[in-house]
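Look at the two complexes coming up: chain A is in both, with chain B in one and chain C in the other.
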Partner chain A sequence: MTDVQETLPGSTLGRRGSWSYFAGRGLEYALVLAVALTLNFALPRALPGGPMKLFGNPEALARLTAEERAQIASEYGFGQPLWQQFLDYLQGVFTLDLGTSLADGRPVTEAIATALPWTLLLVGTSIVITALLGVSLGVLGGLRRREGKGAGLLAGAIALDSIPQFWLGMLLIVFFGVKLQVLPTFGVSDAGVVTIGGVAEHLILPVVTLTVTGIGYLFMYTRSSLLAVLTSQPVEHAHARGVPRGRLVRRHVLRPALLPVHTILMLDIGFLAAGSIVVETVFAYPGLGRLTFDAIAARDYPLMQGTFLVLTVMVVLMNALADLTYPLLDPRARTGGSR
Partner chain B sequence: MSTLAVATRHRLLGTQGLVGAGLLAAIVAIAVYGVFLPDSAGRARVAAPYAEPQSGLPLGSDDLGRNLLEQLIVGAGISLSLAFIVAALTTLIAAIVGGLAGIGPRGLSAPLMRGADVMLVLPELILFILAAAFLGQSFWTRVAIMAVILWPVPSRLLRSAVLTSWSRGHLEVARAMGAPLWWVLGRHASYIIGPLLVPVFVRTAMRAIIYDATLSFLGLGDPTTPSWGTTLYWVQVNGVFLSDAWLWWAVPPGAAITLTVLALALIGTSVEDRLNPALKDFS
Partner chain C sequence: MKLTVRDLTVRYGDLVAVDRVSLDVGEGELVALVGESGCGKTSLARSLLGLLPRTASVTGSAMLGDLELAGRQEWTGLRGRRIGIVPQGAMTGLSPVHRIGSQLREMITIHESSADPAALIDRVGLPRDVLTSFPHQLSGGQRQRVAIALTLAGQPDLLVADEPTTGLDAITQGQVLALIRSLGISTLIVSHDLTGLLPYADQVDVMYAGRMAETGPAATIARHGGHPYTVGLLTATPSADRAAGWGSIPGAAPPMANLPHGCRFAPRCPIAEDVCHEQEPALLPVGAASGACHFYGSGRVPRYPLVPRGTTDAGEPVAWASGIRHVYRSRTRTTEALRGIDFHVGAGEIVGLVGESGSGKSTLARILLGLIRPTQGRVELSGQDLGTARGRSLRALQRRVGFVHQDPYDSLHPGMRVGEIVAEPLVVAGADKRGRLERVHAALSSAGLSEELLQRFPGQLSGGQRQRVSIALALVGNPVLLVADEATSMLDVSTRGGIATTLRSVATDRGLAVVFVTHDVGEAVQSCDRIVVLKAGRIVEHGTSADVSSSPADPYTAKLLEASHH
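On to the complex of A and B.
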C-alpha cells in the first residue's frame, strides 16, 4: 500500500507556471479523450462475432439472401468504408446523436438518459457514505496503529475488502428481503409508481452492498497515506518543537495526508459507475452498468459505444476535476511549484 | 528447517501473515485433492435435483442433481491455478515493462507509460466483460485476457521502485565505477526490487480470483467447468435464495472466494508492512 501514491495518475504537478501547467494538463486530457474515442470506435469492430449474429439464430441468418443481408448492413451503416463509419461516429458523438439500439430500436441517447440518473443516484449515495466512514476510520486506524483498536480496524478492513460484491448482495437479499421481509430486493420502485420513499427504500440494499465492499480499500488507503505523513520530517520536527498532539494532527498531519485521498476518491467516482454492473445485476437495478452489460451480451454496437463513451468520459472528467480542485486544497500547488 | 520456521525467523510474515499462509495452505490442499477426483466430479448427475444435504452428499445437489461439494472442491483448483498463473505472468510483464520504463531508453519508456495511462482510464470490469463475451471462455484465453488487462498498475509500481532504487547511493557508486548493467541489476538492484515482487504477485492473484468469479457470476464463465462463480450464477438464475437451499448452495462458494482472497490479502499486507521499516518503530 505504501507505493500507491506514486502509481496515482493526476496528482503529479509540474514545476511550471500555473497557466502553462493547466494548458499542458488540458492537452493531455484531450489526447486521452481522443484515444478513448478511437478505441471506443475500434474495439467492438475488432472483436470477433459480428452484429449480424444478433439477428436471430445462425439458421435464420443463413436463410437470409445476400441482398437482404446487404440491406440490413447498409441500413445500420456497416457496409460503408471504415473511415466513413468513423467520421459518422465522431459527428454523432459531438451532436449527441449516438444512433439507435440494434436490440430494441430505441435511440441510444434516450436509453442512456433513462439509465444514467439511477446509476448516479446509486453511486453518489454510496460514495458519500463510503467516504465519510472510510476516511474517518482510516484516520483513526492510522493514528492508533499500535493500539488494539487500530489493529482490529485493519483486520476488519482487509476482511471487508475480500468479500465479493455479488455474494454480499445475495446474502443481504436472503436476510432482509426473504427472511425478515423488511426491504425490497429488486428494481427502483414498486409496480412502476415512483415515490421518494419507495426509491429510497429500494436504494438501501444496493448502497449497503457498495459501501461495505468499498470501505476497506478507502480505509487502507487513508491509513497508509496518514502513516507516510506521520513519519515525514516536517511532522517529526513539529513534534520535536513541542507542538501539542491535537494541533500536530490537525495542522501538520491531516491536511497533507488527506490530499491523495481526495484524488483517489474523485477517481473512484468515475470508476464506480462501471463497477456497479455487478450490483445492478444482483438487484435488477435499471442503471447504466446493467445497460452496458446487456449491450455487450447482445452485440448491440451503437448502444455499446454509447455506454462506453459515457463511462470513459466520466472517468476522464473526474480525473480533470481532481486535478483542478487539487490546488484549492494544496497551497503548494497554487504557485505551480515556482516560488 | 521448515519453510515456516524460516519465515518466522526472518520475520517476513507477522502473525497476520502466518494466519494468511496457513489459510492459503489449507485451500491449496483442498484444491490438490480436487485434482485427483475423477473428471465427472461436480459435472455428472448423481442425485435428484435440489437434493438436501444427506450422507454422501454433504452440501446437497444443484438443479441438475450435481454434487455441490464436488463443484466446490474442483472450483478451488481452477480458481487457484488461474490466479497463480495470471499472477506469475503479470508480475513478469510488469517487471519487464517497469524495468524498461525505469532505466530503458527514453524512446521506449514514454510510450510504455502513456500506454499504461490510457489503459488505466478504461474501466477494467468493462474490458473484462468485453473480452470474455467476444473472445470466449477457455482456461488459457482467460489467462491471456487477465494478463493483458491487469499489467498497468503493477508496471507503474515497479517502475517507480526501479527509479527509486537506481538513485540509491551504493547503486550510483557501483555504476560510477563502471559496473555493467547486469551486475548492478543482479548484485544490487535485485535486493531492493525483488521483495516488492511478492506483494505485486499476491495482489494480482487476488484481483484475478475476484474478476474471474465476477465474470462467471455474470454468466460469462466456462459453463462446462465447475467454478465458484458459476455455482453462484446458477444460484442467481434459479432464485435459490427464496428457499432454504441458499444455506448449502450460495454460502459455501462465496465463503470460499472470501477466504481465499482474505488469505492472500493477509500475506500481502504483512509483507508490505515488513518492507517499510520506517513504520516499524513509530507509535
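On to the complex of A and C.
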C-alpha cells in the first residue's frame, strides 16, 4: 500500500459475492444440524437402563413372557434395527411427527407445543431483565473500576455467579412461599384458573432465580470487554484529541465494547429457550425444561428426542442470527477488509 | 505559535525520565525530538498534552504563547484546540465503527471549529470518497493522513507528532513527513529515526538517557561533526549507498534506575576520557548548535565499529526453491502470495529478502523453514526435498534450519533462564547432558554473548541481548540455514548494526547460509552479499548488493533506494 490512491473505499476486489457467502454459511449450519440430529438420536440410546424397565409397574413387567415383551417392544419400534429407527426418526423430524410419548401417550409435538409458550414467557422475561441489569451494571463496573463501587460490584457479581440455581430457588420458596406465604411456589396458576395476574405472580420467583444467577456472568463479560476497549488505541487517541469523557464513553467505548456482548447474549437465548431444567423443576413450572427432565427420568425416548431437538435447533438458530446481525453492528464485518 | 520549554523534568516516583530539558519550537517551525527507547522523548511529548499517568510529576516550564503547560491539571479546551496530537500507531488508532466523515465532524463539533470535512480531506491529500469509508478500508498511509486531518479539525496552534511514521514503509513515511511539513503549523515530532527526519526538520534535538545531548539546526546536525551520540545514530542508520558503511554503538542505553556517573553516554563513547566518567558535561554552544560533551567542537571524530562485508565466495547452495507459488485461501477470498519464485542461498552467504508488507517475503521465509508447504514448486534443503518430507524426516530437516524471530521481547519464554532457553532444542532432540552444555556455550559465544548471562531471565536483558539469545537458540542445533525475519526491526537504531555484524560472523565462521528478511533496503545493501527484491509475490530485482545499490534494474527498487536516501 504505497500509493495514497491505491485502495479506494468499498473495493470488493478478491471477494466472492455475498450470495455465495450466505450459501456457504448456510451449508455450515446445515452440517452442524445434521451432526446434532444424529447425536440427538444416539445419546438417549446410550443411556443406561431402558424404557421397558420403567414401563408400568415392575412386578407386572417381571411376569411378562419373552413373547409378550417382544410384542410390546415392536409396537413401539424398539425391536427394529437401529438404522431403521434412525430413518424413522429422521422422517419424523422433517414431517414434524416426533412420535408418541411413552409415558402418557400424547404426541410429542403436542407436549412440546403446550410447554413452549410457558418457557418462552419465563425465559423471555428473565433474559430481558438480566440483559438490562447485567450490561448496564457491567458498564458501570468497568467505568468505576478504580473506585469502591466498582470493586463492590465485581465482588457481588462473582458471588451471584457462584450461587447454584436450585439452592436459590429453594431458599426463595422457603422464605416467600412457606414463611411469609406471599407468593405461590409452584406451577403457573391456582387450581387451573389462568389469569394474567395469577401467571405474573407465579412467574416472580422463577424469574428472580434465573435473573439473579444469570446476571453475574453477563456483568463480568461486559466489564472485561469494556476495560479492553477503554485502553485500546482508538479510545486513547480520541482522548488525546480532546474528546470529553462523557462523549468518549457514549460514542467511542460503548459500541465496540458491546459487540462481543451481543454474541454472548444471543447464544444464551438459544440455550435458555429450551427451558431451564433446574429452575422449572424446582418450581414445578410446566415448561420445556421440566418436560425434558421428566422425559429423561422416564427414559421416554421420543419425548427426549423431541425436547433435545428443540434445544439444538434453538442454539443453531440463535448462532445464525448472531452471525447475521453482527455485520449490522460492526462495519468491519460488513464491508470486507481484514485490517 | 511558539513553544518554549525550560528545564522540564518528568519524574515517575524516584525515576527521573526527563531531566532538566529545554527546547524551543519557533513559529511555523518543524522540530524533531530524536532519541532511542527510554530516552525520555515520549514522556516529554506527553507532558505537553497532559497525557502522563497519574504517578508522574512534571516540574519546570513549557510555555505555549502565554499558556503554561507544565504541571497543568485542567486540560479542557486545550487538547485538540490549542495543541493537536498526531498519535503513534494510526494504523489501529481510528475508531473502527464510525465513518471518516463522521469522525471529522465529531472533532469539528467538539472544538467548535469552522473547518469543513471535505476541505480537511483535501488538505491532507486524500480523495473525497474517503469521507464515507471506514478506517479498515484504507491503507496505513491513508489512515495516518486521516489522523492528521482529525488533528487539523480543531485548528491547533501546535502539533505534537509521536512517532507519526512508525509502521509505515519508507516511501509512505516520506509522503507523510512532507505533508506535516507543508501544513505550516509549529510542530514537534518525536521519533527514533534521526536520518529520516533530517530532510524535513528545521531544528533537531537529540536526547540520551533523559538529558538533552545535542540541539541545533538540521543542516548542522547532518554534518556528522557534533556530539558522539548523534554521530553514532547517523552511522547506525543503514544507507542505501554501499560505500557509506553501517555502524553500531556498542552496549545499550543505561537503565534510568542505574545511571552512570559523569556523562551518561561515556560508557558507550569511543572518545571518552577520564573526565567524561567524572563530570556531567553542560550544553556547550559551538556555532548554531550546542552539545553536552566535554569535547564538543574539538574536532575529535568518534569511530564506531562497522558491519563487515562478506569476503568469501558463496559455497554450495544449501537451500533451493524453484517455481514456488503459494495461495492463501480463506472463507471470503484467495490471495496469491507468491507467483513463481526461484531462489537459492549458498553456504557462508547472506541473502537479503527485501519487500514491503504484503510482498510475500514472510511467506517465502516460512516455506524455507518448512512451516508451510507451497501450493506449487519444489524446495530443497541440503539436497533433500522439503515438500515431500513428513513426520520424523520433516522434523529432522526442520532442525537443520534456525529461525530468528522479529520480536525479541515476546519470542523468549519469560520464565526460563537463558541457559535453559538455548538448550531446549538439544533437550528435545535428546542430546546428552555433557555435550549439551558445550554446545550451548559455543552457540552463545557465536552470538556474541558472554557466559555470565546463562542464569539470567530474558526480562533482565536489553533488546539487543535478547535478539542474540534468539540467534544462539537458532545456532545450537548446528543448522545449515538461518532465517532471520526482520531480526533488527524492533531494536534500537544504535544496536541494529551489531546484530548484523553477528549474523555476518556466524555466516563466515560456521559456513552458514543466512536469509535476511527485511523491509529496509538499506540494511540489505549494507549487510548482505546478494539482494532479492520482492513485490506482490514476484521477484523484481536480483543481484549482488553492490550492483543493486549502484544500478537498480527495476524502477520499484530505485524508488525504495531513493526513499532510504541518507
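Going forward, the second predicted complex is superposed on the first by the 306 of 339 C-alpha atoms of A that agree within 3 Å, B and C clash if a C-alpha of one lies under 4 Å from a C-alpha of the other, contacts with A are read in each partner's own complex, and residues count from 1 in each chain.
Just so it is clear, a residue touches a chain if its C-beta (ideal position, glycine included) is under 8 Å from a C-beta of that chain, and two chains touch if they have at least 3 such contacts.
Just so it is clear, the model here is predicted, and its values are computed rather than measured.
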- Message: Once the two complexes are aligned on chain A, which partner has more residues of chain A within touching range, chain B or chain C?
- Response: B
- Query: Should A:Gly246 be classified as contacting the first partner (chain B), the second (chain C), both, or neither?
  - Reply: neither
- Message: Under the stated touch criterion, which partner chain does A:Pro331 make contact with: chain B (first), chain C (second), both, or neither?
- Response: second
- For A:Gly105, select first, second, both or neither according to whether it touches chain B, chain C, the two together, or no partner. neither
- Task: Considering only touches as defined above, state whether A:Pro234 meets chain B (first), chain C (second), both or neither.
- Result: second
- Of the partners chain B and chain C, which touch A:Pro81 in the superposed model: first, second, both, neither? neither
- Name the contact category of A:Arg255: first (chain B only), second (chain C only), both, or neither. second
- Query: Which parts of chain A are touched by chain B and by chain C alike?
  - Reply: 1-2, 6-7, 9
- Note on the structure: Listed in rising order, the residues of chain B that touch chain A in the complex are 16, 117-118, 120-126, 129-130, 133-135, 153, 156-157, 160-161, 196, 206, 210, 213-214, 217-218, 232, 235-236, 241-242, 246, 250-251, 253-254, 257-259, 261-262, 265-266, 269, 272, 275-276, 278-279, 282-283
- Task: Provide the residue numbers of chain A that touch chain B in the complex, in ascending order.
- Result: 1-3, 6-7, 9, 32, 35-36, 39, 43-44, 47-49, 145-146, 154-155, 158-159, 161-167, 170-171, 173-174, 177-178, 220, 227, 230-231, 271, 273-275, 277-278, 281-282, 292-293, 296-297, 308, 311-312, 315-316, 319
- Message: If we count contacts the way the header does, which residues on chain A are in touch with chain C in the complex?
- Response: 1-2, 4-11, 14-16, 21, 24, 232-234, 236-244, 247, 251-252, 255-256, 329-332, 335-339
- Task: Could you pull out which chain C residues touch chain A in their complex?
- Result: 49, 51, 75-81, 84-85, 87, 89-99, 106-107, 110-111, 125-127, 129-130, 132-134, 136-142, 145, 147, 150-151, 154, 169, 171-172, 175, 331-335, 356, 358
